[in-house]
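One structure is given here, and the rest of the page talks about it.
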Amino acid sequence: MSHQLLPELTHIPSSIASVSDYEPYARERMSTAAWAYFSGGAADEYTLQDNLASFRRYGLWPAALASLQNATTQTELLGQTLPYPIMLAPIAYQAMAHPQGELGTVLAAGAMQAHMVVSMQASHSIEDIAAQAHSPLWLQWYWQRDKAFMRDLLARAHASAYQAIVLTVDAPVNGVRNREQRANFTLPAHIEAVNLRGSSQPTSSHGAAGTSPLFGSDLIKYVPTWDDLLWLVQHSPLPVVVKGMMRPADVLRAQQAGVAAVIVSNHGGRTLDTAPASLDALAAVVQSVSVPVLLDGGIRRGTDIVKALALGAKAVLIGRPYLYGLAAAGPRGVAHVLHILRAELEVAMALCGCAQLSDIGPHVLYRPLAD
Amino acid sequence: MSHQLLPELTHIPSSIASVSDYEPYARERMSTAAWAYFSGGAADEYTLQDNLASFRRYGLWPAALASLQNATTQTELLGQTLPYPIMLAPIAYQAMAHPQGELGTVLAAGAMQAHMVVSMQASHSIEDIAAQAHSPLWLQWYWQRDKAFMRDLLARAHASAYQAIVLTVDAPVNGVRNREQRANFTLPAHIEAVNLRGSSQPTSSHGAAGTSPLFGSDLIKYVPTWDDLLWLVQHSPLPVVVKGMMRPADVLRAQQAGVAAVIVSNHGGRTLDTAPASLDALAAVVQSVSVPVLLDGGIRRGTDIVKALALGAKAVLIGRPYLYGLAAAGPRGVAHVLHILRAELEVAMALCGCAQLSDIGPHVLYRPLAD
Amino acid sequence: MSHQLLPELTHIPSSIASVSDYEPYARERMSTAAWAYFSGGAADEYTLQDNLASFRRYGLWPAALASLQNATTQTELLGQTLPYPIMLAPIAYQAMAHPQGELGTVLAAGAMQAHMVVSMQASHSIEDIAAQAHSPLWLQWYWQRDKAFMRDLLARAHASAYQAIVLTVDAPVNGVRNREQRANFTLPAHIEAVNLRGSSQPTSSHGAAGTSPLFGSDLIKYVPTWDDLLWLVQHSPLPVVVKGMMRPADVLRAQQAGVAAVIVSNHGGRTLDTAPASLDALAAVVQSVSVPVLLDGGIRRGTDIVKALALGAKAVLIGRPYLYGLAAAGPRGVAHVLHILRAELEVAMALCGCAQLSDIGPHVLYRPLAD
Amino acid sequence: MSHQLLPELTHIPSSIASVSDYEPYARERMSTAAWAYFSGGAADEYTLQDNLASFRRYGLWPAALASLQNATTQTELLGQTLPYPIMLAPIAYQAMAHPQGELGTVLAAGAMQAHMVVSMQASHSIEDIAAQAHSPLWLQWYWQRDKAFMRDLLARAHASAYQAIVLTVDAPVNGVRNREQRANFTLPAHIEAVNLRGSSQPTSSHGAAGTSPLFGSDLIKYVPTWDDLLWLVQHSPLPVVVKGMMRPADVLRAQQAGVAAVIVSNHGGRTLDTAPASLDALAAVVQSVSVPVLLDGGIRRGTDIVKALALGAKAVLIGRPYLYGLAAAGPRGVAHVLHILRAELEVAMALCGCAQLSDIGPHVLYRPLAD
């Protein structure tokens, strides 16, 4: 069950040519339990797989002889300029993947001028992470039953110049994480969600035989509701983004509640197994709202980004790809992952005849008939 | 062909996190022939596989920020309250799987407050099983040509407080059980359908070369007909449920004949190979009748239960999963299987925003286009 | 490339429970080249595989509580009674599969009361085969450019009580038989199409580099045409059946030309690769004509026969299954193959609630949506 | 990573019966890097695979009893007669595959009377290649920013009796060639695009971390545009053909710009991954224009050619198949590949009842429903 962990890569081998190539290198540099935690999904992992497979259900039309003068990948989001539409998604406990943890990730984000969404369950304090930042940070948020704690953390985020709060709404309860269970995953002693010190959340438990495992527990009473979203929008000094919505009706209601943007996501396939792939939910969601919609889940190629934008996403978030870059090669690996995807995005745009992101639309998509 | 059987598990290892994880443990604790009998299906086992695959053809929509106050899985069926909508399906000869046989299963059913459908071909008498029961029992029924024998057994079931008779209608003749044939399956000498002592059924045989293998045999004359169902409804002191109907017209006719409920089932893929998956037959059947419709076949996950209920099932039955739990770990294994499924059901309901079973409807289903 | 051939089976092991189970036993009892000849198909063998796969695209609806009094599989064809609707398709050079060759096959056909279609390329004379027959024989026919030879052979067939002539129309030229080429297949010295002695056919050849491989050869001038079919119908003392038609327009024209029946077939996937599966062509063909339509190609199960009849076939032909039975176990193997399929057919009919072949119709078919 | 290269085949073994059979023989006769270059595609190689898979989505209807008198595969293209509709597609640097390189290929083309499209990046001068030609040559063209250089090369092509210029429009920038990167592919020292000596193209580069990898480079300024196509049509003494168009609108505009023919192609899956298969783009393209449309990509069988022509192609080009023939067996291998495909084409036409190419139309196609 355990294996000898290999040391961090000191140079990037030629066998790493795409972001997926980092995966085996990351696996060899993590404990079996940490690998189960980061790479696994819920239950039978159908949604985890479908997040990737969904991109293969769309093709792209090559365009001939288009002019590419002044080509650029620049875009605007919540009043800020992004040189290219790729952000780092929130991932908890990054110190399990690499000794530098989030401090390594934020260095790479700054070097590559990419937005980073810091997890509320980061292994470093939000202030320490912000101190290393050279690009904009957003703070991911799990609803806490202790409102005083939340008010305090909102103030700290504001003070550290975070620029948005990202409320996760697709994990009111833990998913069925069989891969973690089989690997006996528990948080190592030296890893802690330091930013949650002082918050008192009910713990999840599957109860004793014969009792209601979840519905009989305390946990179920504190899942966040629409009223809680309203509270957060009212009390946050920063714009509130919701992450993890998939249904058009939910997205519309969130817009009415005052959110600044929506991230379509199924939590990387880690909560409800057999939920639709994020990409499959995207098109309907985009048509429901006027706030910017971002896509999280399954991006592994520049062509994937073109497809997400063609279906209406303003930008995309990547998760496991950069985490594997971090585990394999530290901040250099994270930067390389961003560089590969940005380069692939530009190649794909050029071959599709798109000189600006706004040139990317449904007309570039090829949807084959079932075969 | 034979192997050294491993002893019963004395604790549940972390590698068993889902009900399917019991399968290899069960296999190592049975003879090759018993394994072929319990795990096998008819012919090429397409229906056996499709019973599982059919659930993957539906997805579930996650819901955001729904209130889960007073969440419960409770339901009513034939005048009784079930704490959660999972029943134990009839399985014959359980003493081949574990020394306690049905006496072990009924203990677990009682501990978990689950209904159990006892097979007419149980290896213990229906009275002995009832004596250990702490939850409601139904009795599965194969039509017998000896009506006096049937009247006597109906009276015994009534006397032992069974609460329904479940007539199996999808196995008028034996399926083509190639896996059993290849494993030379025969009933071990110490195993017997004790409740059928005194009944005289014609035996199945494939006849001599050149003769009509089945249609020339006695067996074909005694397959149950609609008239026989009417006889049973008239003579049974208990409500009659039919199990194994798949076509809407049959279900409607059964309701007109006075049955109390219908179980959509294809006998676990053990009779007619290439019959539709139970789930695929469910939706049309539900729309045909007003009596409760239950689903049997292919349930392995809490999300599967949500899908069955979304398509109209009142409750589901599980078969092989609990039998494997029994074989691997005795009554404790059966109870664990029920506990896992109940917990997964609650997680799935929470993530779909359903606080009651009645909140589960077609709107939670995501049916992807073919790809 | 060669291997030690195993001797004929002296009893049927329990591992042979379905007709497909004969395949590995047959393979071990043939030369590599003979195996390539009998088992192979054209080019990439897509049609060969699709002949089997097409049956999996249809399901069967189980029926509940139907009466099966007086159940029978009997049918009528060209004025004769068949106890069950399974015939033996023409296969050339059966002496390559077993020393008795067609003489072994005809013994089994007689014992099982099955019609046999003798190949014009049989390794025994049509008279010797007829001498052993105890069930009706038809004679398969390849168009010969020598009409005198054909007249003579028609007279011999008539004299030996053959009951129909079966003109093959789907192999005007040889298919691209790569598997045979890779195995260096040539006819062994002691094997000969004895019934073709005296006929002078042009030989196939792929020509020299730079020339037209087929269209420049003599062979192409003598492919059979519609005029030739008319000639055969006029000169044959026996009813003429055409084998190998797939398109409704062709079948209709054949009926107008006076054929007595049509066999839908793609030559077992041995001529035009990527031709449709026989079953996929059947339904449209049946609707075009009033003469009986038979199906050849892909039958491996009793349920397959029910599906073919539900789509309109009057009876089916089997080829490789009985050839493998012959190779593995001689006449006993051929008889066993017929017995298995007949038994499976009766089981499938019983479970579908069909007591006669005429009860089998489109309503028993379940055609799932693509998934 | 490296292996001992095997010598050229001195005779063709029976294991090579179809053109795909050359593949393993070619692989054993190339360096790992050269193999990655010739066999690889862009990114995850979905389009590379789909070019082949697309042909399996169509079937062919066998026709019965059609006359094949005067059968021929002859056709006309740009005023020339082709004995059969198969041309050799442009492939760069053929000296990496075989010492004779393009000089070997052109010998085989002449022996087989096939048109050859010589790559502008050939390893031999266009004059040396033309000197060995015994069949018509076209010259493939990449747009060069140096117009004087282009004028000079056009004059040389004209002087050497090339008959058309084939402008490639589907590779304005390099594709994401991960397989080449992983194999550390670089052009060997002794291989050179000799015909490009004197041209000064900007070099591709993925830039430094944090900068725009492609859009910030010089390369992007010189991608060919519609104006450049007009320039080429005006200045070329030879008809201009465009290669690499997939969208009907592009093809129509190219026709309006004065091109003589269009080659539907996705560059063998080497530029935009997840672009549609060439065959899938063909039908819509054909309906848009009146100039001849050729198909490039995925042809491996005579039946593939029939399908391409049925969808409207005038002729097809083959690439990797002949390159593998060259690598394995030199000019003899190239000729054999052409011979196999021509023979398979004639067999497929005969079985479909087509005596001329003009008999091939949509009616020969069978498009199965999704399954």
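The chains carry the letters A, B, C and D, assigned in the order they are written, with residues numbered from 1 in each.
One rule holds for everything that comes next: a residue touches a chain if its C-beta (ideal position, glycine included) is under 8 Å from a C-beta of that chain, and two chains touch if they have at least 3 such contacts.
In UniProt terms the chains read A, B, C, D = Alpha-hydroxy-acid oxidizing protein.
Remember, predicted model here, so these are calculated numbers, not experimental data.
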item: Fewest touching-chain hops separating chain B from chain C; value: 1
item: Common touching chains of chain D and chain A; value: none
item: Fraction-based call for chain D against chain C, same above half, different below; value: different
item: Averaged-CA centre spacing for the pair chain D and chain C, given as whole angstrom; value: 42
item: Averaged-CA centre spacing for the pair chain C and chain A, given as whole angstrom; value: 59
item: Junction residues of chain B - those touching two or more other chains; value: 370
item: Of all residues in chain C, those that touch chain B in their complex; value: 14-15, 17-18, 21, 55-56, 58-69, 71-73, 83-84, 111-113, 301-303, 335-336, 339, 342-344, 346-348, 350-352, 366, 368-371
item: Chain D - residues contacting chain A, complex; value: 43-44, 46-47, 53, 57, 169-170, 172-176, 178, 181-184, 206-207, 209-210, 212-215, 220-221, 223-226, 228-229, 242, 244-247, 250, 254, 266, 271-276, 280, 370
